[in-house]
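First chain written, first letter: the chains are A, B, C and D, and each begins at residue 1.
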């Protein structure tokens, strides 16, 4: 273990905001994209099934 | 001049409009394209004139000797006048003739305008003309390659040519079409209106 | 009026090597590939982050903040690579007329734009402690910003056509125009940058320990897998939308 | 022969339209003037400060003014139907588009370059810098219009075309902007602008070679 404690890990040598901000931004972007992917898919499937019922 | 259409298909906005349209049209023929609204009459004329691409099949123009391109062989007149309002009638016709690779000299343009009875408008700005005058001037495009007595070099593709014409102009256009056919031209048109056109050979393509 | 597109319109449908250019054949294959890529992306991210945070040492020059480059550099690379891939598929579509190529191109664009945004945000967050400012007009950051504009332009153009086929070809053309321009823009910005002020420290430019490099490369492959998976997912959604009436699809999504 | 008469007809018509409708060139010039006169209100009127921002403001203003003219390349023709004359011409469409862009570049480029030195006075720029700026505006306008013709052709009669044209075209004009503004800056600092001028010319030639072909393809796509 190269970090003395979890506190040191989160602190990132005083640069915690920038490091975790970056990873947080990535996480938000990825989650947003995944949500959009799923929403687009379910919209397409709904439209498709409606179409087949007619 | 001959037009050979073989198994032509078209689509607009991802929907198939028509498929399997085949016909042959020889010089001297009046060919009417008929069909319900949305059957693709305009689309067919646009494909024949080279403005749009077919999704399948072929439309081939034959000149007197060899196959030729739509750009050389056909003159398309749609529902717009294709004239700029800020330019004079002469300037507009000169432009149209030069782009079509035709004689854009003064006599050629005056001949065309005389045939439609609008020679006096030659130096008027297009934007100052009445709707009827505009239509006549714009139809003069068809006669740009006509020589007195002979047929034009190009086939006429007319999309609803009688719409918004007064009765006089309608009969004048019908007479022009008859003369072109009699001289050995080829005219393909669409029309909702029943306008009598005097023609020896007629043909109909239903979409 | 029946749509028989998938049979008749793919000019190359008959030849075996084009078989996968037809959506019907591609759909199930893409589904398998997508799942595989999600798994690879997840595993590589876990491995990459472990190496990045628990194996790679503190950077002598930059301290801990350098750990941002494990995602910043791969995101910047992906933004560029995805644009090139998009241009490639656009060119293929324009030349061969295969619908699937255009759809591939559309499927890549949002992920590419997302990568550009991630690269810009992480670049700024890295720049603040390193350069003392959130933004410098560095050639790489600036061209990533322009790349983002190109992505937005591409997507806006594709969306502005009601006729899907027209939108396909129009946006493909603009993707190609952009691809020719990207290197010109990059080198002119770089040249401009040397005239004004240059930033001496760049993300990933200082000599890196082997473990740092490993973490960055593992994350890069994770991003690749993620981008491919997301693009395939979007591609399959588009197939569902566009082939709504095709009979093979009813079987496939039942 | 007939290629020459077709391209010269396109060229002449564009100039005729310019001569006949004053607003076609007066509006971009007014826009340019207003953009240039807004900036001092925002940054203050000390002449040292103005000198530094002036080059950039004038150059960007000229590019934006030229951009405003892009829709006139094809939109009006699409509306009145005369675009069909170009599309059904036996001559290559790329050559016709090139003739059209050339005429517009000539008219607009000369007009914008002519007023550029005057606006340079607003920003306390010396004569030689003003001259270099005018020269670069003259070179940048054709490049912008060439690149822009692709977007204008794609967005013929599209909804929201004008804004989208700007979104598509402006990022692609960055090299032009960099070379043009740097050339003037070099003159301001008493250095030789030869490299910038050469790069500007190279970019223009590249645009000249590629853009008409792309614009022709674009026009076929959007009008099909």
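What we mean here is this: a residue touches a chain if its C-beta (ideal position, glycine included) is under 8 Å from a C-beta of that chain, and two chains touch if they have at least 3 such contacts.
Just so it is clear, the model here is predicted, and its values are computed rather than measured.
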Lowest number of touching-chain links that must be crossed from subunit A to subunit C | 1
Quick one: point me to the chain whose Cα centre is farthest from that of subunit D.
-> A
Set C-D beside B-C; more C-beta pairs touch across C-D
Starting from the mean Cα coordinates of subunit A and subunit B, work out the distance between those two points in Å.
-> 60
Using the average of all C-alpha atoms in each chain as its centre, how far is it in Å between subunit C and subunit D?
-> 32
What whole-Å value do you get for the distance between subunit B and subunit C if each is reduced to the mean of its CA atoms?
-> 49
Could you tell me the distance, in whole angstrom, between the mean C-alpha positions of subunit B and subunit D?
-> 37
Two or more partner chains touched - positions in subunit D | 224
Which positions in subunit B touch two or more other chains at once?
-> none
Residues within subunit A bordering two or more other chains | none
Which of the chains are touching one another, listed as pairs?
-> A-C, B-C, B-D, C-D
Interface residues, subunit D side, partner subunit C - complex | 147, 150-151, 154-155, 158-161, 164, 167-168, 170-172, 174-175, 178-179, 182, 199, 203, 206, 210, 214, 217-218, 221-222, 224
In the complex, the residues of subunit B that touch subunit C are 11-16, 55-56
In the complex, the residues of subunit C that touch subunit B are 1, 3, 8-9, 162-165, 242
Subunit B partner, complex, touching residues on subunit D are 2, 5-6, 8-10, 13, 16-17, 20-21, 76-77, 79-82, 84-91, 96, 223-224
Would you mind writing out the residues of subunit A in touch with subunit C in their complex?
-> 1-3, 9, 12-15, 17-19, 21-23, 25-26, 29-30, 32-34, 36-37, 40-41, 44-45, 47-48, 51-52
